[in-house]
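Presented below are the structures under discussion, each in the form of structure tokens.
One chain, chain A, links the two complexes that follow: it is found with chain B in the first and with chain C in the second.
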Partner chain A sequence: MENEVIHTEQLTKCFGSFTAVDHISFDVKHGEIFGFLGANGAGKTTAMRMLCGLSHPTSGKGNVAGFDIATQGEEIKKHIGYMSQKFSLYEDLKVWENLRLFGGIYGMTTKDIARKTDEMLEYLGFEAERNTFVSALPLGWKQKLAFSVSILHEPKVVFLDEPTGGVDPVTRRQFWELIYHAADRGITVFVTTHYMDEAEYCDRVSIMVDGRIEALDTPDSLKAKYHAETMNDVFQQLARKAVRQAD
Partner chain B sequence: MKQFYSFIKKEFYQIFRDKRTLLILLVMPVILVILLGYAINTELNDVRIAVFDPSKDTETRHVIERFRASKYFSVIKELDTKSEINDVFKGGNMDMVIVFPENFSARLHKREANIQLIVDGTDPNQAYMLTGYAGGVLSSYQMELLERYDIPVQIQTETRMLYNPQAKSAYNFVPGVMGLILTLICAMMTSVSIVREKEMGTMEVLLASPMKPIQIILSKMAPYFVLSITTLVIILLLAVFVMGVPIRGSLFWLALSSVLFIIVALSLGLLISTLVDKQMSALLVSGIGLMMPVLVFSGLIFPIENIPWVLRWISDVIPARWYIAIVRKIMIEGVGVQFFIKELCIIVVMALVLITVAWKNFKVRLC
Partner chain C sequence: MLRFLLEKEFKQIFRNPFLLKLLVIMPLMVIVVFPYVTNQEVRNVKLSIVDNDHSPASNRLIQKAASSSCFQLTDVSSTYDEALRNLELGESDIILEIPRNFEWDLKRNEKAKVMISANSVNGTQGGLGSQYLSFIVTDYGNEFREQENPVNLSAADIPIFQTDMIYRFNPSLDYKVFMIPGLIVVLVTLLCCALTALNIVGEKESGTIEQINVTPVPKSLFIIAKLMPNWIIGFLALAFGMIFAWLIHGLVPEGNLFTVFVFSALYILAMSGMGMVISNYSNTMQQAMFIMFFFLIIMMLTCGLFTPLNSMPEWMQIITKVNPVLYFVEVIRLIYLKGSTLNELVPNLLWLCGFTIVFNVWAVISYKKSA
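== the complex of A and B ==
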């Protein structure tokens, strides 16, 4: 139990008569890269919003970073990072202003923000862009920056909602190197994606179909179990069972 | 507190970087006040009049002299025949013709004196004002006669312009512009700025952060609060020092009711932002839902008294209408709080209702 950063039991969310997330139970270990897969409308985003304290579960239990998701949402928010599907930095602010803003929002001291900003820009090789408006950066850079901002305050776990949508394969590869780097530092990564090659990069993968978790294991074990060559085949076999229409 | 401060700083940065919008917000009120003050001038100046005077006695001469002496009128022609009256109007270079009867002086002593004022009715408002002014000139002459001959006054045509003896149009629209600008900045800009965060996806990130929703909302409102106060001061300075509109009543009540109205407008903006998801819809809703009614119903363009009663009911739910009424009473009439306590109470009630509804709606949308 000590080693678990995320723990859920029979977690459920209903909107009226519609059950978006249907009794899901899983654990994510410290420093793990956990892939959260599912077709559009399978309930991924709803599940993730509950884990981030953005949405109250209808029933079931859940813990994130040691706090109850039903009652301690505010505590959870201090210990997680979040990068949304839509690009989420302020385009009309400069790179360093974005860093200062989010550092400030997460209660970091001015000194810490300055130190982390230098470290991060150096690691990304973005020193020259410190005073550039975010709107002037290419999409791939923005996404890398957004990820770095989401872990600026050294959260216990970072939630990434389809972080690599719309970027080229080379940039995606670089993005995943950032994710590995973060996981090495002990930040647990919870990531949703539609790219099956990315699923292969994860330590463990869960696949959601119609609000339930249909499979959960390492990519290799899943491929063995479903007699598939790639994660894409595994996903196709499972997702085809879906009754629900994508939204 | 640090979070709050960081976020407010960001809001100010964003607003001051958007130079075009900022310019519009600060320059527009100035242009509006000057434009409405000078271009749309409803004051009378240099009214061109002609006189048809068949009696040509001392009394008619006195009346004509009266008109000549007035700074509003200039007598530019004396007509010899009645048929000329139509011609001067057709020529388009006459605003009014004064027609005296024959033997005016004799009729005057028999209490049968009458004077006909003929005006161009194509612009009824203008025509109405002309006769009003002319009536004023005539009645002051009558007063003079009274002293001289001790003749009892027959027709009392006193048209006194209450509070606005010179019918200065600036008096009328400065409060209107104040209501309009505050609605624009507080309601429209606030709603657009909150909805922008939703549209860009940054709102989700903010909600997943330790920032509390109330902090997000307050820091959104703070810059627009500052901006609207600034604009208000600009309008008032312009009004007092350039347009010569007085602030007759208490500055304290003017400030208090302005702050109350700003709160109403800010909550309206918040409410709109909870109802729509796109900046464009926020603009449309606040534009059509707020600006248009303010323009039409606030008494800025049409006097409220002239609006049909069904529409007047609608105008009653427009907060700006009550604010403008208060500002008029304070600035122009200079009356005490007891005369606008009803309007003030309505604004307070509106503020309470709007804050409650907007806040409830905002929270519901989060879950």
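== the complex of A and C ==
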């Protein structure tokens, strides 16, 4: 169990009579890149929000970074990073000010923040943009910055909700290099995506259909199991079973 | 952690050009322009006269009425019906009908009747207008008797009482002196409540609150960080308001400036807290605005600023007890006009403390980091 960063058992979330997430159970191992796939409205974001302590589960159990998601939400928040589907850094703050704010919130010292900021901006090739207002950055850059902010405090797990939505292929490629770089440093990556080429980059993927996890394995095993050439074929076969209307 | 949050809030607030404009334009409007608008004196009431007597006595009454600054003689009709039509058309506000034999009655019986009909759609104007007009008529009656019958008056008349009134603390009964301290309160209230009500909900709309909610930031720190800049803005608004009141209207507090600041500090915190609570229960800025104005209008109308509280029904007077604006209006007026000291205002201080605590604790509780 030492090796598991995320562990869920029969995790469920209902909104009224609608079951958004339906008894899902899975484990994510330390240092893994875990792809969390599913059609729109399949319940990915809801499941992710429960794991981040943003949403209380209706029933079932879950552990993230060794803390219970139902009762220790605030503890979990100290050890995770999160990048939401909608860009949510402060547009009226400069690049370095966003880094400083979130570093400060996670309890980093001013010195640490300054050092990490320099490192990060250099690694991203963003030095020239240090004093740029975030609102002025192009989308691809914003996403890279948002990712960098989410791992600034070296969390155990980082949750990425469709981080590459609307991003051009070159920037997407660069973005995945950032993800690998983070995983190499021991940060577990939990990522949702609609791009099946990205699913191939993951160590393991799960595919959600109508709130349930229909498949969970390495991309290669999944392809073998469903006699498919690509992850895209696997996804098509599974997602077609969905009865729920996409949003 | 608080340091970083405060840094963020201050940067955001002072980078908002709209807000800085608002901070200058609002005090200008509320303190410089509003006092002229909230004038409750009745002037230029359009007077219509129906003279059925055409005597020297009726003529003199007409002249007396027309020469008053309250009235503006707009119409002299030959019949009451005609005058009524004009009143209905809005060409006059009040009719004075002088009956036939007015002079004769006045001389023979020492009394005569006139009729005053006022358009009371505008209640204040109708009420005060007819009151002024009957003063003029009474006054005229006295003059007439004195002229016609000076001996008789002193001998036979019942004793005449003369009342001298002294209006303490506002000797000239200047409505501006009365209104401006209240308007300073309006200014601070509007600015504080509106800005905070839009603050958290603004973060909800832009999605940035999500990024904050997923961090371990304690709720109370987040709320404090939001309160502080608003607190300073509230003080700036207060300072602007007081400076304009002094520069334009020459009004300075009778009492201690320190007392004003103590109460303002509390009041601004209380109102910001209220704004924060509204913000927490709203999902969009529109919603927050509507909720805020709903409460603000009620609070403004029941704070004793525009209408005296004593004339409200008793059940309403009980409800007004939970209106924070009421306590602050009272305090600012007392300090400005009467020069009350902190010791005399302890009950208000306690009430405001209570509101500050309730609203801000409520703001922390109602801020939900997870659903």
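We take it that the second predicted complex is superposed on the first by the 247 of 247 C-alpha atoms of A that agree within 3 Å, B and C clash if a C-alpha of one lies under 4 Å from a C-alpha of the other, contacts with A are read in each partner's own complex, and residues count from 1 in each chain.
The definition used in the following text is that a residue touches a chain if its C-beta (ideal position, glycine included) is under 8 Å from a C-beta of that chain, and two chains touch if they have at least 3 such contacts.
Quick caveat: nothing in here was measured; it's all calculated off a predicted structure.
Visitor: Scan A:104 for contacts with chain B and chain C and give back first, second, both or neither.
Guide: A:104 sits against chain B and chain C alike.
Visitor: Touch test for A:35: chain B only (first), chain C only (second), both, or neither?
Guide: A:35: touches no partner chain.
Visitor: In the superposed arrangement, which partner chain does A:53 touch: chain B (first), chain C (second), both, or neither?
Guide: Both chain B and chain C are touched by A:53.
Visitor: Hey, what residues of chain A end up touching chain B and chain C alike?
Guide: After superposing on chain A, chain A residues 52-56, 74, 77-78, 80, 82, 84, 86-93, 97, 100-107 contact both chain B and chain C.
Visitor: What residues on chain C touch chain A, complex-wise?
Guide: 1, 3-5, 7-8, 11-12, 15-16, 206-217, 369-371
Visitor: Which bits of chain A are touching chain C when the two form their complex?
Guide: Listed in rising order, the residues of chain A that touch chain C are 52-56, 73-75, 77-78, 80, 82, 84, 86-93, 97, 100-107.
Visitor: Using the touch definition up top, name the residues of chain A that touch chain B in the complex.
Guide: For chain A paired with chain B, touching residues are 52-56, 74, 77-78, 80, 82-93, 97, 100-107, 150, 159.
Visitor: Contact residues on chain B for chain A in the complex?
Guide: 2-3, 5-7, 9-10, 13-14, 17-18, 200-202, 204-212, 366-367
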